[in-house]
Each structure stands twice: as C-alpha cells, then as structure tokens.
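Here is the structure we will look at, set down as structure tokens.
As written, the chains take the letters A, B, C, D, E and F, and residue 1 is the first residue of each chain.
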Amino acid sequence: MSHWIILPVVLPALMASVLVLALRHHLDLQRIFSIAGTVALAGLGVVLMAMAHDGTVSVYELGDWSAPFGIVLVLDRLSAMMLMLTAAIALVVVLYAVGSGWDARGQHFHALFQFQLMGISGAFLTGDLFNLFVFFEVLLIASYGLMIHGGGGRRLRAGVQYVIYNLLGSTLFLFALAILYAVTGTLNMADMAGRVGGITGGDTALLLVGAVLLLMVFAIKSALLPLHFWLPETYASAPAPVAALFAVMTKVGAYAVLRVDTLIFHSANDAMAALLSGLLLAAALATLAVGMIGILGATGLGRLAAFAVIGSMGTLFSAMAIFTQETAAATLYYMLHSTLAGALLFLVVDMVRERRAGGDAYRPAPAMAQGGLVTALYFGAAIAVAGMPPLSGFVGKLLILDAVRDAPLAWLIWTAILGGTLIAILGLAQGGSRIFWKLEAPADGAPPSGPAPAIALPAASAFVLLGAIVALTLFAGPVTSYLDNTAAQLYAPQTYISAVLGSDIEG
Amino acid sequence: MTNVWVEIAISAFLVIGGIFGLVGSYGLVKLRGSMRQLHAPTKATTLGVGGVLIASMLFFLFVDGKASLHELLITIFLLLTAPVTAQFIAKTHIHRQERPTTLPSTGTGRPWASFESDEERARLEAEADGAPERVR
Amino acid sequence: MQRRFLPHPLLTLALIVVWLLLINDLSLNALVMGTILGVVIPFFTAPYWPGRVRLKSLRVAVAYILIVLWDIVVANVVVAAIILFKPNSRINSQWVTVPLDIRSPEAIALLAGTITMTPGTLSSDLSACGRALLVHCLDTDDPDEVRDTIKHRYERRLKELFE
Amino acid sequence: MIEIALAFAFGCFGLAALFNLYRIVMGPNPGDRILALDTLVINAIALIALYDVALDTQVYFEASMLIAMTGFVSTVSYARYILRGDVIE
Amino acid sequence: MDTTSSMLPLIVAAPFLGALLPGLMIRAGRDTCTWFTLLPTALALLMLVLHAPAVIAGEVFHYRLAWLPSLGMNVNLMLDGLGLMFAGLILGIGLLIILYARFYLYRSDPMGQFFTYLLLFQGAMVGIVLSDNILLLLIFWELTSLSSFLLIGYWNHLPEGRQGARMALAVTGLGGLALIGGMLILGNIAGSYDISVILQNSEAIQGSEWYLPALILILIGCFTKSAQFPFHFWLPHAMAAPTPVSAYLHSATMVKAGLFLMARLWPVLSGTPEWFYIVATTGLITMVIGAGIALFKDDLKALLAFSTVSHLGLITMLLGFGTEAAALAATVHILAHASFKAALFMTAGIIDHETGTRDIPRLGGLRQLMPTTFAIGALTALSMAGIPPLNGFVSKEMMLEEATHTVWAGTPWLLPALAGLGALFSVAYSFRFLVHVFFGPVREDYPKPPHDPPFGMWAGPGLLALVVVVTGLFPALVTPFVDAVAAAITGGHPHAHLSLWHGFTPALYISVAAILGGALLLALHRPLATGWRRAGPPYAKAIFDAVVGAATRGARGVTDGLHDGAMTRYAAILTLATLGAGAIAWSNGEAGPPTRALLPVSLLPAIAVALLVVSTATLVVLHRRRLVALVLLGVVGLVVAIGFIYFSAPDLAMTQLSVEVVTIILLLLALNFLPQEDPPEDSMSRKIRDGVIAGLGGLGVAVVAFAMLTRDFALPAISEYHIANAYKGAGGSNIVNVILVDFRGFDTFGEIIVLGIAALVIFALTEQVLRGPGADWLANWKGARREAGDRHPLLMVIATRVMMPMALMVGVYVFLRGHNEPGGGFIAGLVVAIALLMQYMASGFAWAEERRRLPYHTVIGLGVLISILTGLGAWFNGMPFLTSAFGYVEIPPLEEFELATAMLFDLGVFLTVLGAVMLALASLSSVARRTGEKVNVHAMDVNPLRGRPGGEED
Amino acid sequence: MEALVALGIGTLTAAGIYLVLRRRTFPAILGIALLSYAVNVFLFASGRLMLNAPPVLIDKTGAGVYTDPLPQALVLTAIVISFGMTAVVVLLALGAYLSTRSDRMDMDNGPDAEEEAGQ
C-alpha cells in the first residue's frame, strides 16, 4: 500500500496545524510554509498522476480496514487529475494572495487555505460516501472562513446567506446518505455500485429518491439551476483570490456527479440512468442560460465573473448529463479549462478592484494604474471565459458540441451553448469596455490614476494561469488523449470496483 | 426474585417517586403565579427522582445482586444544583415582576442584591476598600 | 505545601467518592485512579476556590444532614397536600426576610440550599450586603414562625459547623 | 409487583411531562417556561432511571447524569440571560 | 498536384510572431517600429510569392500537423489559387497600410499597440485563407473578430469607437457562432473537418437532411462577416476605427472573409436552389441598399463604408449565381474592389488628416490644393463607378453580363434591372465623392489648411491607383491568375476572357444607363438628400442599439430580479426543487409494503412525540420572541435526546445533550447583541405560502422516513461486520466508539478538523468585526434590557466550587471509558467544556480566564496534531494511516487495563473539541467586553466576609 | 411506533423549513438547528428502530442483538459537524449585524445597491 495517496489530505492538515500552533504570529513564515505546502501538494499531484497514469486504480485502506467496512481512498486517473488541477490553481492563488497582500487582511488565511485544500483533496480521493460528506464539510467550513476573510458588512451578510444555503445543502446530503444506506446497507461507493443493481421492487422508490437527493447536493455545489442562488453574491463578495480558488469548488460538485453516476447509478438500471440524466440536462441548460444572461446583465466585473462560473457549469453539465464516454472526456476538458479561466477572471477582477477608483462596478472612473497590463489580462480571460478562439474554451466547446451530437436533444444543447456564447461575448465586451475603456477625467486635484499596488507577483500569477490556458490549447491533443483514457476508465467501473473490494468479493 | 419485602420496598419507592413527581408537575399547572409554581419542582427533584433512584439502587442491589450506588451521584448533583436554578428563576421573577417596594425590607440598609445596580455596588465597595473595578 | 497541592482535602475526598460512584465498583484500580484525579483536579481548579473551608464538627454535620432529610420528607407531604387540595385563593404565599448571623459564603449557600430543598420555602435573593436572605413561602399564615424555624433549626447548626 | 409499580411510575412521570408541556406552551413569562423545562429535565432523569430498571440495564446512566448537568447549565444560562444579557459576563 | 510545403505554417505564423515586435520596438522610435512591422509582413508575402507560380500553374500546397486528432482539429493548411489571391491581398495591401499608418497615426497614439493588433489581425486573416481544416479556420475566423474589436476600439476614448467595436463584435460574433454550428454539421456529414475532404463530398452534403441548416448557419457566418443585409449595419460603425483599419479590414480584407468562405465552400454548397435564392438575393438586396444609402452619407468614410457593403453584396450575388462565369466575375471584382476601395479609404484618410474633416459638406475644391490626392482619388473613384478603362469597369461589366443571364423566380428582367439600379447608385456616390470633395470652389473654412500629404502617406494609395489603371487597361495580365482562382473556387477549369470591350451587349447598355442615371442623380442630390433625411429609413444603429439595449436591460432585469439577494426566496426555491425532484424520483420507483415487524405504540413514546410536536409547533408560533424560541429549542433537543435513549443510542443522547447546551449558550451570547424580537413583517399570505412549503417538506420527509423505517435492509448491512469485529479487531466493546475512532476514524479526523476550522473562523471573524465599524457601535452599546444587580450570585459561585471539579471528573470518566461504554473523546471534551462553562457563568469568563488562561489555539492545534501523529504512527508499523493498535497492560498490584492508540486519537478529538468550544466562547466574550463590560475582581458580588480581617480573598 | 417517529421527523423538518424561510437571521439559524435535529433523527432511523439493544457489546464475539451502530456513529459525526457549522453561522450573523446593523436574511440587491454601511 502506497502512502502517497493519503498525503494530499494529511500534508495540508499538518501544515495548517503547524500554522495555527507555531506560526500564528509570523506572517512571513506562514507565507513560506503555505507556499511550500502548496508546492509540495503540486508535487504530490504529479506523483499521483504518474501512479494513475497506466490505468491502475490504487486503494488506500485507512486504519487497515478493508472496504467496504472501513474507509478507503481511491486513486484513479480522474482523482489524480482533479488533485493536480486543485494544486495548480491553489499555487497560483496563494502566490497571488501573498503578492497582493490579501492574506494579511485578516487572521488565519493560510491555515484556512490549507484546510480548504485538505477538504478538496479528500473529496477527490475518498471512496466512501459519508466520508465524502465529511470532506465536503471540511472544504465548506474552510470556505466560509476564506469567504469572509477581510471582513466588511456586505461580505458578512453575503457570508450568512452562503453558509445557510450550504447548511441546507449539507442537510440534504445527510438525508440522501441515510436513504441510500437504509436501502443498500453500505456507504462504500464501490460496494454500493455492486449492490444497487440488486435493488428491485418495493425499494426502488427509496433508492431513486436517495440518488436524486444526492445528485441535488452535488448540484448545489455545482451551482446548477435552481440551486445556484448561493453563488453570485458569494463569489462577487468573496475576496477575489478566494473566489479564484472557489472556481475549483464548483468542480468538486461536478466531479462528484461524474463519479457517483458513472460508478454507482449509471449501470444500475436504465430507468434510473434516464431519470438522472434528464433532470441534470434540464438543470444544465437552464444554468447555462441564466449564467450567460447574468454575464450580460451584470453591473460589475465581480458579478460578471460569478455568472461566468455559473454559465461554465451549465456548459459543462450539458455535456456531462448525456453520460457517455465521449461526453465525459469533453466534460473533463472543459472542466480543466473553465477552472483555469474562472480563476484567471477572478484574479483580474481583484486587480481591477485594487486599482480602479470605481472598483469593479460599471461606472466611469479615471484610468487605473497599470491599466494596460490589467486590460490585456482581462482580454485574455474574457476570451477564455467566452470560449472564443484561440484559447482552450473554444476547444472545449468544440469538443462538447462534437461529443453531444448524437444525443436526442443535441440541437437544443448546441443552440444553448452557441447562443450562450454570443450573450457571453456581448456581456464580456460590455464589461471590458465599461471598465477599461470608458474613462472619466479624475476629479480636480486627484491623482491621475488610482493606487498602484505591487503588481509583479499578482501579474505573474495571472500570467501563469493564462499560460496554463494556452498550454491546454496547444497540447489539446495529448490532454484529450489522457482524458479519453480517463473517461474510458470511468465507464469501465469494474476495475474500480474490484480494486476497492478486492478480487475475492465480486460486485 | 429474591424477597417479597424487597419487592414491596422497591415498588413502594417507585410509587412514591411517581406520585411526588406527578404532584410536582401538577403544581406547575395548578398553582397561580410564578413564585408559587417555583415551589412545585422541588418535590419532583427530592422525593420524586429520589424515590425512583432509591428504587433503582435497591433493584440492582437485590435483584441483580450488584451494588450500584452511582444513582447517588445524580441525587447529589440535583441537590447541589436545584437551589441554584430555583434561585436564578426566582431572581428573574424578582427582576421582571417585583420592585423594591413590593418585597419586604432587608433590614440591613442595603437593598436586595437584585435591585442594587452595578454602579451603586462599585461605588459602595470603592468607598469601603478603595479597590475600583477595572475596565477592559 | 499542603495548601498548594491539596487545597481542599474535603473536595479531594468527595472527588474520590465521586470517582468510585462513577466506576460503580470498589476496585484498586478505581481507588488509585480516583485518588490521582482527586488530587490533580483540585490542584488545577484551586484558583477558582480561594480560601479554604473547615468543618468544625462531624457530629453536627451528620445531625444536620439527617434533620434536613427528615424535613424534606415531611415538608414534601405537606406541600403535596397544598398543591392537591388547597384552592389557589386560599393559599397564602408570602415573602419573608431572614436576617443572617452566619457570614461564611459556604454556610450561607448551604442554608439557602436547605431552605429551597425543603419544600414550601424558597430562598430567592440575598441582600446586597449578604446579611439577609429573601425567602418565599408557599403557604403560611405566620411568616415570623418560618423565619424563626430557619434560624433555629438550620442557621444555628450551620454556624456551629462553619464558624 | 415491580412491573406494576414501574408502569405506575412511568405513567406518573409521563403525565408529569405533559403538565410541563402545558406550562412550556402557555408560559406566560419566559421564567415560567424555563422552570417548566427545568422540571421536564428532572422528570426525564426519573424516566431514564425507570427505563434502566425496566430494561435491567445501566447503560443509560451516564446519559441521565449528563442530562442533570446540561439541564442545570442551560437553566442557569436562560436565567442569566434574562437577568444580565451576557451569560458568561 | 498536391505538394507539401513546410513554408505554409511560416506564412501564417510570421505575422503572429511578428506581432511581438512592434510592442518591443516602439521604444526605438516610430520608424523602427514600422520597419519591424513591415518585416514579418514582407517575409510572409515573400514566402507566398515564392509559391505563386506553381499555384497559378494549378499546384496545391499542403501542410499537415496533428493537433487534436481525436476531434479532427488539426493544423492543416492548404494553398491554392483562392488562398493565394486572398493571402496576396492581405499581405500586399497590408504592407501599404502599414506604411500609410506610420504617417496617419498621431504622435499621441500608441503605435506599438496598433501594429501589434494589426499583425494579429493579419495573421488571423492569412490563417483563414490558408486553412484546410474548418475548425482551424473557425479559430482564425474568430480571431479576426477579436482583433477587429481591438482595432475598432483603438480610439477607445471615443464613444463611437467603443460602441462600434462592440457592435462589430456582436454581429460578427453571432455569425461566428452560427458558423461553428454550420461547420460542425458540415464536418459531421462529410466525416471530416478537412476542407479538402469536405470538398470531395458534395453529393453527400447536398443530399443530407442537414444541408439546409448547415447552409443557413454557414451563410449567417459569411453574411455577418461580409456585412450582408440585414447584418450590414455594423460596418459603417466600424469606421470609428483609424482609417488604416477601415481601409485594411473593412474594405480590403476582413469583410471579404465571408466571401472567401462562400467561395471556398462553393463546390459543396452552391448549385442548389436554396443556395441561389438565399445568396444571390441577399447579395442583390445588399448591393442596392448599400449603394442607395452610400449616396446620402455625408461622412466620407461612411459613404465608402456603405459602398463597400454594396460591393460586397455584388460579389455575394455573383457567388450566389453558382456558375463558373459568375465565379470568375466575382474573383475579378474582389481584386478590383480591393484595389480601388483600399486606395479610396486611404484617400479619405488623407483628406481627413490634412483638412481636419471628412464631412463632405465642409469639403470641396481640393483639386488644386491636393493635386496628388485628387489624382489618386479620381482614378479610384471612377473605377468604383465602373468607368472604363479602369478595373472596376471590367468586373462590373462581367457582373452585369451574368445578371442578364440569370433568371430570378421566373422573372428574367428582375436581376438585370436591380443590378443596374445598384450600378446607377454606385456611379452616383462615386461621382459625389469626386465632385463634392475635389471640385467646386476652394473654401476658406477648412479646419486645417489642406495640402498633399508626405510621400509615405500617398505611396500606398498611389500604388493601388496604378494597379487600378493597369489592370483596367490590360486585364489580360491577370487572366492566368484569375483562372487559377476561379478554378480553386469552382473545382473546375474556367477560363476568363477579360477585356474592356465585349461588344454591344445588354450589359453595356445597362452600364451606360447607369452612368448617365448616376450623373443625373448626383445633379439632383440636394433635393433627394433633403427627402432622405425626412423620410429616410431608420438607422440600423438605432435598431441594433434598441435590440442590444433591450437584451441588456432584459438580462439585467432577469439577473437582478432572480438574484436579488432574497435568501428567503432562494431557500424556498431550494425546498421546492428538492420536493419536486424527490417526488419525480419517488413516482418513478416502487414503494413496497412493510417488510419488518413494526414496534408497537406505547404510551410514553407517544407522550414524547406529543411533546416534540407541540413544542416544535409552539416554537414556530412564538419564534418572533427569540428567547422563548430558544427555550423551546431546548425542549426539542431534550426530547430528541430522550428519543435516542429510548431507541438504544446512549452515545447519541449524550452527544446531543452536551452539544445542545453549548449551542444554546452560543445562541444566547449572540442574541444579547441582536434584536430581541423579530418585527411583525410577514403578511398572512407570505406565512401561508411558507407554511405550505414547509408542510409539504415535512410531509415528504415523513413519508420517506416511514417507508424507510418499515422496510428492512434489502441487502445485509456492513455494520454486521462492525458488530462482529469491534472487540476482536479493535479491542472495544462500545461499537459506536470503535467505529468512530477506528473503523471510520477518518470521518472523525475530518470532523475534528471541521471543529478546528470553525474555531479559527470564529476567531478570525471576531477579530475582524472588532476592528471594523461594529466596534464603535459596541463601545456605545447599551443593552435593551434593564440589568439585574448581583452579577455573580453567591449561591452559584459556591455550588460551582464543588460542581466544577466533579464535572471535570465526569469528563475524565467519560473519556476513559468511551472505548467500551457510552462516552468518548468528543463527549468528554464537551463535558469538560460544560464544567468550565459553569465556572464562567459563576464568576464570569474574564475572571476565570485571568486565573487560568487556556491557550485555545494551542489546544486546538495540539488536538489536531495528536490525531494526525497518531494516525501517522501506524506508518512505523508499516500500516496505513490511522491503523490502531491496542494491548492490555498489567502494573501490579493493579488489575490489567487496556491501552489503545485509538485512545490517543480520541485524546486529539478531546482537545480539539475543548479548544474549539472555548475559543468560540472566548470570541463572544471578547465582543461583550468591547461594550465596556467590567471585569470583576471578586468571585462573587455579595460576600458578607469581604473586607473583614481574615475574610476570604476571592 | 415507526409512524410516530416519522411524524416527529416530519414536524421537525416542516418547522425547520418554515423558520429558514423567515426574514431574519436568528429564526433562520433556529430553523437550521431544527433541520439538523430532523436529519439526525432521520439518519439515525436509517438503521431502523430497536428497543433495548444498545450497541455496546455484552458478548465480546459480537453475538447478541444490537441495533445498527453505524448510523449512530454517522449521526455523532453529523452532530459534531453541525455544531461547528452552527457556531460559525451564529458568529457570522452576529458579525453581520454588528457591521451593518441589519439582521435581515435578504440583501438589497445589486452591487450598486448599497455601499457597505459604516464602511
């Protein structure tokens, strides 16, 4: 048994404890440790990607209790990739937070940040549904702290909404878990996968309710309509670097849907697969519409970015909801892309807020300092978010359009995605134009431009993200081939199941 | 079953406990006025729970044959806490429903503690020993 | 030294008993553990209990406990009768001021507790100087008698016990 | 005989709980409700002790002890709140 | 015939790579910057020219590089006649434009930025015309939209610049997206996204049911890009761009991308009636309308813009005819238009630059003042008018010739008539350009004294004027080239007969009529213009603005309306959505009858449920009185705990009880600063609405709960293993605790992390709030209620002195026995916390803190650390994280007792819980102290011994 | 008995939802608390109901009748987690109130709507 698998959970936890215990009063040391920890997490991501690369599914039996009786962590291509993505975004965000000084605007930023990473890592790795709940809570509560980092009345009030909404989500999660346990008698996902097929007759209503409620929980995390309401105010109010990290969090929801559906529910029975797929698709298309409309209807860049995230989740899910291997591969590509793009956009939003006299709201303001650089970054981010060439969003959308072409409602998905893109373009152009182009002369006696905070590290972080997006575009070939294999692994769950349960217990 | 007298004793304590518990709570309903009602639970606490706990001790001692005295702990605990809770509730009543004039005089020159404001107390104590309270 | 490490021997003793009751068994293990805890816990909580309390007479203490227990039983019956059979209109509730001779906070607390635990009377407040106790009587026609009973039956013994 | 006595006691404390409920619902003062809750706590302790005897088990003892502790603390907190506002002032 | 050329990617890449140069070189001066912009363009042009002879000879060059093979998106390039012509135009005119721009741009304009955008555009454009993969083409296509957006918005301090840029982006963006759809369909029909493959599949494509959708979508793309009616309106507004951009993008190149694509896909799309009617008709309408509007535009650039629209319509119409001859004509006109129109734009730019205005009514008489400019303008304008012997005449004749041969919906005269009308307008506005600007008297009131520009500025248009004349006089010079292009378009072997004189054909008559009519129209211009202004059609911009404005407002309305921060509605929607989805799921499955024996109903549980229901209902009814609500919450919690006991869950009951009391205290501490009551703000309808939602929710949950409770596990539950192995495998007999610290210790690990984080969040939050505006408010805060005296009553203080140590002991007890009996680290942590709470309530938090300060952060960090290290300890046994070990120890004379690493883990839990609760309390207490609350010196307020000799020091 | 428990869970849920839909943070928090009671009991009930069978081994081999211990462990975890969450949300609501002097759940929308009170 390789201990590498547990490290993405333990390392950030250890780091956070040390930060709280020993380094509470030393910001510089906190920064060094936090960055080092995040770098190490990225290193772990590489190691785990390598471990999973040949298609092996590795299982880590916590407490040496075999599945399904104990909790197991499971590493496959998908979880390794998600970890890598998380670590990459986290590294950029932590550098940005340090560079922009955000981490010094409240207590415990780095500890909360590390805990957040721990929660996300655990969610990607665990092979147990209840343990997934626990890690959801870890990442959520850390996100509460990060969301209100820096304080301020509006942020706190938005924080209250965010927390209460998610508490409702957590409640729903427990309802779903209870029902699923009551029917299947297990919590281990692989074990449950083996069992659901055998649930027939009078238990199917309960099973379906459990499955649907579970997906609704993930839909909340993924901000799918009509469960997305928590997101706009939260993301717009959160410190922008935190919102950039949150770009990963919505993907945790998407990951969970993909994992749970492909592993457990997809092959259970056709009626269930159709039901889940239908509900998800309807939600996805509505999400897409609302997200894109929100981009156009936004009155500030922060809110625009928030709706961009919603729109991207709609796009992502309109492919995922078809639940074929091809759509899964396309979904994954778009997931990588939209995470990077969303994060980038939020970093740009922060750069604007830090420099522009009018903040990120659409009202004329004097030119901001370092405006050229920020404008260029916005342009790149907007292209990526809109899904225009030449960046990976375009490739992702092409992949999605291509992958769903045989689906029954392909025309609708196409229309939604393409129409949504147009609205997004309009909205992004409007936003950019109003923020960066429409200037007003500074008031008499005021300095010609806003404050010029340190830009080297923040800009470098943003450019790293932009570079990653470019790389994702340039190396679309190898990336998609990796993702094709990942999707293939997802749609051949027997490997996963036998790896978890051992060859002696057959599903 | 060991002994009929033991059974009778256990049963008796159970019945006594039950009756006093019931009467105590009935008092809550029947008696008019917060202060009067406050008397009722004392019965539930003392003879009510006490009866049941004694019955329990006897039961485990004689029926199961093992000395089990930990019920005493609960009794001790209730005896320690009941006066405190009762006084606190009485104080809420005094605070909300009574005035210095509706209560008998203390006969000491100073009011009942519930009516003496923090400032007044601080002033008097500062006079007495010159140790002002600190503000943080 | 003793003051530092064994600030309240009575408390230590009580805690050992509590531990044995918790374990609900009289074993060597339990006794050892109980003693350790009985010493360690008061050591840590000592700052919250400055000063120390000495009981003057074990005999008085035992007598006091027995008297109170008996009074509880009797008064319970009396009060139960009032609750069950006396209409509200005929219940004569009164406030009674009990001037205090005892000064030790522990003694006052014990007196107040006794008054409350014996049904029919409730100690409701102290005077701001701590020299009078406000007692509520559920049903009495003679407040002075109540006051005298409290002073003679309980306070006197407590004064013996503590001061 | 013990069974009958147990049933009687159960009935008494059950009815007592209903009386408590009446006061909890009707109030009228917060203090009255707090008192009723405090009494309910005591009745609950008795019920659990009865349950222990009925089932011939001691596994719920700690729970009833904890009820006593928490009941005390919560009653005092409610009262302190009314008296002072800050519970741990 | 197919040859691989590795130079093709270089041709495309040169401008992109070159785009980096101007930005860097601008520091070296404007000339250097210009040189380094010319360089990549010239290199690319050179490489292109090297291929030209072979291409004209019929060779096709290819280049292939796998990019995203699984999708079929690859860097496949192709150079044939069509590509050659367009690439040549793009790069050739590009050179002239760069040169021109060097002199056109003002000193204040950031030139480096301009040239960067220009080169990006150039590369994208070259990419379009050299793509052999439609997905790749799409990328370049959209890139032209983006770079055009930047170029139009180059002068973004001008509102016209910003609006024009966004309008262009919106329209061409719309087209681009339609194009994506169309192209994907096309590729799917053909089975490949490679153009060379698609072109082989004309029958499959035209026979497919998806042909029409694909056609329409692709044409939307082409029409928007090439400004065809009704998408033509963006082009005039793009004129807000600096003139080099107008000349380059909006006349010579980008707007031809749509034409290019129609030409590129001509073999597979054309030849059907759909193609004919859509494309030819659109082209015709565009031609006439564009020309008509151009006549009435006073802005020189607007005039040229609408003229461009018209000419693009002309070419579109020719492509729509679907014949080889028409394709030839289209080719020739593309060349002709590119040459004269670019020159005209530059001329307009010169006039603007040198006179300070391009408003025709303010101009006139420039013939003498700007002779060179006049010469260039006259030649190119006459070509635009289709006057022989200029190249515009050659192509216009070919167009009219084709029009006379084409029958529209059975009406042979319609096309020639309308084409003639278009030509007439065209003559009229061309003459107007010439006459109203250059002729007439010299004026006194030019904004700037006009004079000819420097050589560098007129060199470009001059060269183009030369081309206009030469190719007009000797059209045969370009015949082989035109043949090659037309061959590439049609896939056949057309041959052009280019000449000025074709004899007396109907086309010639129309031409003559158009010239005469045009002259007449110009003569009548003034009254016509007045009429136009009065009754003219609505400005397209107004319509577009109205549409986009409405869309934006609508979007804002929808967005802000839906996401108005009304959390209560969000929660209601969440509930209803859950109920809806749950109901759908439920009805899709089958709910069977009970499969297990139900427990009989007995009196006490019924009473308990009654207690629960009634107190919950009371809580709801009285919830506005917050303290009362909290008391009722305490009742509910108590009943739930008793329920856990009744149903055999002592651990749960203990946890529930201890958590609840701490929760209530936290709520009380917070409530102290909050309003004591909810204002009566809910209408009855709102209450009913919420009541219905809540009732449905409760009903749903109750139904599911009942179904769940009445049916046994369908399959044996995994917990059977836990029961069987708790003692054997983990050495504990309290199975719940064993699950918590061993079987599922990882959950518990996560759980304490949650608690630890909660404490950190609370701490950070409190710090933040106390540094914010809330602190000032707190400092002046006066509680709403009158405070009773006697903060720390004697009775409580004395009782606590005994009870607190006892409670601590209970905590230790609960901790130690947890593995085997109900209890454990978590409950113990809470019990200890409750014990400390008693102390805090007795004498106050700060008082207690001063006597024994607990370093909460350390306690929490230590707790988490102990848990982690215990977990990691297993590694030294070669076991996974959290593997426990246990053994039995005997120290004489004591009896043997068990030691398990799980208890160490539980210690971590204990510490974390304790620290977290205390930190939360400390935070709230620090809020309270900010109100100026005093810290007491004495343990109790009333102490008769105080101040006496020998009295207690408390 | 099962029906009674279902009734109890349903009542708690309904009350919780109703309170969560109130306009002020405090009742919403109470609603969350009630909902977490509801879901805790529900989760507990997923092991079905048994009397007098606490999962404390009488016989070390595991022989005997015990109620399902797993849901109990899960509920314990859930209680702890929801305690942490409640503590955070209480403080957050308080912080929001102290900073803005408003304890409304709903926000007056829009980024332009209100500048932060007091900031």
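Everything that follows uses one rule, which is that a residue touches a chain if its C-beta (ideal position, glycine included) is under 8 Å from a C-beta of that chain, and two chains touch if they have at least 3 such contacts.
Model, not experiment: these values are computed from the prediction.
Among the remaining chains, those touching chain A and also chain D are E, F. Among the pairs B-D and A-F, the greater number of C-beta contacts is found at B-D. The chain with its Cα centre farthest from the Cα centre of chain B is E. Chain centres here are C-alpha means, and the one lying farthest from chain F is C. Put simply, the chain closest to the centre of the protein, by Cα centroids, is A. If each chain is reduced to the centroid of its CA atoms, chain B and chain C end up 11 Å from each other. The distance from the centre of chain A to the centre of chain C, with each centre set as the mean of the Cα atoms, comes to 62 Å. Separation between the centroids of chain C and chain D, computed from CA atoms only, is 22 Å.
Centre-to-centre spacing of chain D and chain E amounts to 59 Å, using the average Cα coordinate of each chain. Residues of chain B in contact with two or more other chains: 19, 24, 26, 38, 40, 45, 68, 70, 73, 77, 80-81, 83-84, 87-88, 91-95, 111, 113-116, 121.
Taken residue by residue, chain C touches two or more other chains at 18, 22, 24, 112-113, 123, 125-131, whereas all remaining positions touch fewer.
Looking at chain D, residues 10-11, 17, 30, 34, 58-60, 65, 69, 72, 76, 80, 82-83 sit in touch with two or more other chains.
Touching chain C in their complex are the following residues of chain B: 19-20, 23-24, 26-27, 30-33, 35-36, 38-40, 42-43, 45-47, 67-70, 72-73, 76, 79-80, 82-83, 86-87, 90-91, 93-94, 103-116, 121.
Chain contact summary for the complex, chain D toward chain F: residues 55, 57, 59-60. If you check the complex, the residues on chain E that touch chain A are 66-73, 135, 138-143, 145-146, 149-150, 153, 156-157, 159, 161-162, 165-166, 169-170, 173-174, 177-178, 180-181, 184, 188, 548, 551-552, 554-560, 562-563, 565, 567, 570-571, 573-574, 577-578, 581-582, 584-593, 595, 701, 704, 707-708, 711, 713-719, 721-722, 725, 729, 742-747, 750-751, 753-754, 756-758, 760-761, 763-765, 767-769, 771-773, 857-858, 860-862, 864-865, 868, 871-872, 874-875, 879-884. Looking at the complex, you find that chain B touches chain D at residues 7-8, 10-12, 14-15, 17-19, 21-22, 24-26, 28-29, 34, 37-38, 40-41, 44-45, 48-49, 52-53, 55-56, 59-60, 63-64, 68, 70-71, 73-74, 77-78, 81, 84-85, 88-89, 91-93, 95-97, 114. On the chain E side of its complex with chain D, the touching residues are 603-604, 607-608, 610-611, 614-615, 618, 627-628, 630-632, 634-635, 638, 641-642, 645-646, 650, 653-654, 657-658, 660-661, 664-665, 668-669, 671-672, 783, 785, 787-788, 790-791, 796, 807, 810, 814, 821-823, 827, 831, 834, 837-838, 840-841, 844-845, 921, 924-925, 928, 933.
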